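Same chain, two partners: chain A is paired with chain B first, then with chain C.
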Partner chain A sequence: MYWNDIFENFDFLMSGLVVTIQLALLAVIGSLLCGIVFGVLRHSKIPVISFLAGAYIEFTRSIPLILFIVFIHFGFLPLILGEASTFFQSACVALIAFTSAYVAEIVRSGLNSIDKGHIEAAKSLGLNWFDRMTCVILPIALTRMTPALVSQFISLIKDTSLASTIGLIEFTRSGEIIYERTYHELEILIFIALTYFAICYSLSLLSKKLESKPYINKDSENLKQLKELA
Partner chain B sequence: MIKVEKIYKAYKNFDVLIDVSAQVEKGQIVAVIGPSGCGKSTFLRCINGLEKVSKGRIYVDGKEVTAPDTNLNKIRSEVGIVFQQFNLFPHMSVKENIMLAPVKVKKISKSDADQIAMALLEKVGMLDHAHKYPEQLSGGQAQRVAIARSLAMEPKIMLFDEPTSALDPKMTNEVLDTMKQLAQDGMTMIVVTHEMSFAREVANKIMFFSQSRLIEEAAPDKFFHNPQSEITREFLRSVLKLEV
Partner chain C sequence: MSEFDIKYIVESLPYIAKGIELTIFISIISSILAFAIGITIAFLRRTDIKPMTKLMALFVELTRNTPLLIQLYIYYKGLPSIGLNLSPIACGIISLSIYTGVFISEVFRAGINSIAHEQYQAARGLGLSDFQTFRLIIFPQALRIIIPPLGSQFINLIKNSSLVSFIAVTDLFYVIYKGAVDDFMFFEMFITGALIYMALTGIVALLTNIIEQNLKISGKAGSI
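Moving on, here comes the complex of A and B:
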C-alpha cells in the first residue's frame, strides 16, 4: 500500500479541502437564503408570484447539476459580467441556484405545515406580514424543516465535487491530480471518501440532536433535575 | 364601541351569518351563546377582520373594519382575541410570547416590554412561569398566558372564543376568574361561551344566535327568565333544561 502518498501530498490535499469547505459554506448560506425567499414566494397567495417561483423550482429540479455548472460558467455568468468568471464563482452560483430550488420546496412544505391558529394569533396581535413571517411562521417552520434541510445540505457538500468538471481544484480534484501522477488511486480515494464521510456524518448527527425537543429550555430543565437530586 | 350593521357572511353558497346587526358599548360584557355551527366564531372573527364579511359594515371605536382600505393590523392591535386552542407561539417562552407584539407593533423597548410582560403575568397569576415554554404549561395556564399576551397590546376590546372549552373544570375556573377580574377592571368584552353561569353572573348582555341569525339580545335576567323568541325558549328548554 502507498499510504505515504497522502502524507507527502497532505498540504495539497488540504488546500483542496479548504476550497471544498469554503464553497460548501457559501453555497449553504446562499441557498438557504435564496431557498427561503423562493419558498415564501411559492407559498404566496398571489397566483403570478407563486407560478413564477414554481416554474423556477420545477425547471431547476429537472436539470442535472453538472449541466447547470457548465452552463453558468460558460454561458450565463460571462454574459452577465461581461468577462469570464472564476471557477469558484461559477461553482458557487450554480450550487446556490440549484440547491435553492430544493430548499424552496422544503420551505414550502414547512410553511404548509404551520397551524392556522398560530398564524391567526399573530395576525390578531396586529403583526404585519413581514413580522408574522420572520418572528412566528418561519422560525416554527424552520425547526420542523431542520432534518430535511440538513439532508439537502449533505447532498450539497457532496455535489461540490462536480465543480471539478469546469476545472476548480477542490478536494476530489486535488486527489485526482495526485493519483494521475502516482497511479495509486486506492489510498487517496479512501482518504477522500473517509473525509467526506466524517463531515457529512457529523452533520447528520448534529441534525438528530437538534431534532429532539427543540423548544424546551434544556438548561432550566437540567437545573431543576439537579436541584431535585441534591 | 362596536357597531355591526346588517352583516352577511357566506362560504360558497352556505350562509354563516344572515343580517346580523348589533351594538356593544364601552365597558359592556357580552356573552354570545347558541348551538354549534350557528356562526358565533365567525361573528367574532369578522369583528377583528380575520374573516371578511360578504355584505354589511362593522365599526370598532369609530373605525370601519370592513372598509377596503382599512389598516387591519392597526385595528387588530386594538382588539384582543383569545382562542379556544390558546395558540401560543411554541418556539417562544411565556415572556417572549407576551413581549413580541409590543416590541414589533408598538415599537417599545425590550426592557419596557419586559416590565409590561412581568406585570401582566403577575395579574394572571403566572409570574413563576415566565421562562417556561408553552408545551410545559397546563391548558389553564396556557390560556391565562394567552390572555396576558392579548392584554399586552392594551386593547380597547377583548374577544374570547370559547376560552374554556378545551379545559377541565378546575382549569376552567382559573381562566374564568381571570376574565371576571378583567370585567371588573372595566374591559369591553365579547365572550363566546358555553359557561352559562359566567354568562349569567358576569355578562350585562346575552346575544343568542341560531342558524346563522342573531335571534335575541337581552340582559341575562330577561334572557334566561323571560325570553321573547320561541327559538330561544326551545334552546333554553332543550339544552339548559330550563323551565321557560
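Moving on, here comes the complex of A and C:
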C-alpha cells in the first residue's frame, strides 16, 4: 500500500471535493424547487396538468441517470444554448431534471397524507388555492417528507460522481487523474469511497434524527401562522 | 439538430439487440445474487452473535453510502493492484449484486420488523429453531409485504447496470453511447435508449404488480 499519493495531492483532491459539494448543493436546491412544483402539478385536479407532470415523472424515473447526463450534455443543452455547455452546467441541469422527478413523487405522497380536515378548515377560512398551498398544506407536508427527502439527497450526492464520466473534474475525476498517473488505484479509490461515506453517512444519521422527532410543535406553529393570516 | 434519422436506428438495431442481451444477462444474474445477499445479510443481522451483527451493519452502511461507480472502480481498477484480476463482466455483476443486495437487505429488515413479535414468540414456543422460525414463519409473511419495494430495487438494478459500460462492458448503454458520440446521432439514440430502458423497467414493474396481486390475502391490508 502506498498512501503518500493522497497527501501529496491533497489540495487537488480537495479542490475536486469542493466542486462536488458545489454541484450537490446547487442540485439539491434546484431539484427541491422543481420537485415541489412538479409534485404540486401532479397532485392538481386538472387532468391535463397532472397527466403531463405524471408523464415527465414516470419517464424520468424509468431511465438511468447516466443516459440523462450524457444526452443533456451532448444533445439537449447545446441545442438550447446554441453553443457547447460547460461540464458543470450539464451535470447540474441533468441532476436537477433527474432528482426533481423523485422529489415530486415524495411531495405527492406527502400531499396525499394531509388530513382532509386541514384543507377544509383552510377553505372555510377563505384562503385561496395559493395561500392554502403555501401556508397550510406544504409546510405540514414538507415536515412529514423530510426523512424521505434527505435520503433522496443522499443518493443525489452519490450520483454526482457520475458527472465524472462526461469530464467534469469533481471529486471522483480528480482521484482518477491522480491514479492514472501514479497507478496506485486502490488507495485513492478507498480514500474517495471513505470521504463519500463520511458525507452521506452523517446525513443519514441526521435523517434518522429527524424521523424520530414528533411533528406536533411544527403543526402548532402553522396554526399560529394561520391565525395571523386570518 | 438535423432531421430525425429513423434509418440509422434500424441499421444499428443488431448492435442494440446485442447490448440489450448483455444488459438483461447482467441484470438477471445480479438480481438473483442480490436477492440471496439481501436475505443472508438480513438473517445475519437478526442473529444473537454481536460481532456478526455489528460487522454486517458496518458493511451495509459502507456500501449504501458510497457511489456505485466508485465500487465498480474498486473491483475493476483497485483489486488488480493486490493481484486480483477479474473480468469486466464479473466485476459488474459482483458490484451490482452487492450494492443492490445491501439495499434489499434493508427492505427485508423493514419487512421483518413489521411482522408482529408475537409471531416470533409463538413459533419459538412451538419448538421451532431460530432458522426454522425465519424460514417458515417470518420470511413468508415478510416477503408478501415487501414485494413492491423489492420490485423497485430490481428496477434500480436495471438502471444502475448502465454504469458497467464505464468498465468496458458493451452493454445497452455502451452501444447507445457509442452510436451517439461516434456518429453524432444524439436524439435518435437517446429516444431509442430511453424507450428500451422504459420497456425493461416497465416489464419488471408489471411483474411486481402481478405477483403482488396473486400473493395478496384478501381483506388484509399491509404494505410499506
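Throughout what follows, the second predicted complex is superposed on the first by the 213 of 230 C-alpha atoms of A that agree within 3 Å, B and C clash if a C-alpha of one lies under 4 Å from a C-alpha of the other, contacts with A are read in each partner's own complex, and residues count from 1 in each chain.
Quick note on the criterion: contacts are C-beta pairs under 8 Å (C-beta built on N, C-alpha and C of every residue); 3 or more make two chains touch, one makes a residue touch a chain.
The model shown is predicted, which means the values in this text are computed figures rather than measured ones.
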| item | value |
| --- | --- |
| Contacts of A:Pro139 with chain B and chain C, given as first, second, both or neither | first |
| Partner chain(s) touched by A:Ile36 [first = chain B, second = chain C, both, neither] | neither |
| Partner chain(s) touched by A:Val70 [first = chain B, second = chain C, both, neither] | second |
| Chain B versus chain C as contact partner of A:Leu111, first or second or both or neither | neither |
| Chain A: partner with more touched residues, chain B or chain C | C |
| Which superposed partner A:Val103 touches (first chain B, second chain C, both, neither) | neither |
| Partner chain(s) touched by A:Ile57 [first = chain B, second = chain C, both, neither] | neither |
| Touch list for chain B against partner chain A, complex | 48, 50, 72-81, 83, 85, 87-91, 93, 100-101, 104-105, 131-136, 146, 149-150, 153 |
| Interface residues, chain A side, partner chain B - complex | 115, 117-118, 120-128, 131, 135-136, 139-140, 143, 214-217, 220 |
| Contact footprint of chain A on chain C as seen in their complex | 1, 61-62, 64-71, 73-74, 77-82, 155, 159-160, 162-163, 166, 173, 176-177, 180-181, 186-187, 190, 193-194, 197-198, 201-202 |
| Chain C-touching residues of chain A, taken from the complex the two chains share | 59, 62-67, 70-71, 74-75, 79, 154, 158-159, 161-162, 164-165, 172, 176, 179, 183-186, 189-190, 192-194, 196-197, 200-201, 204 |
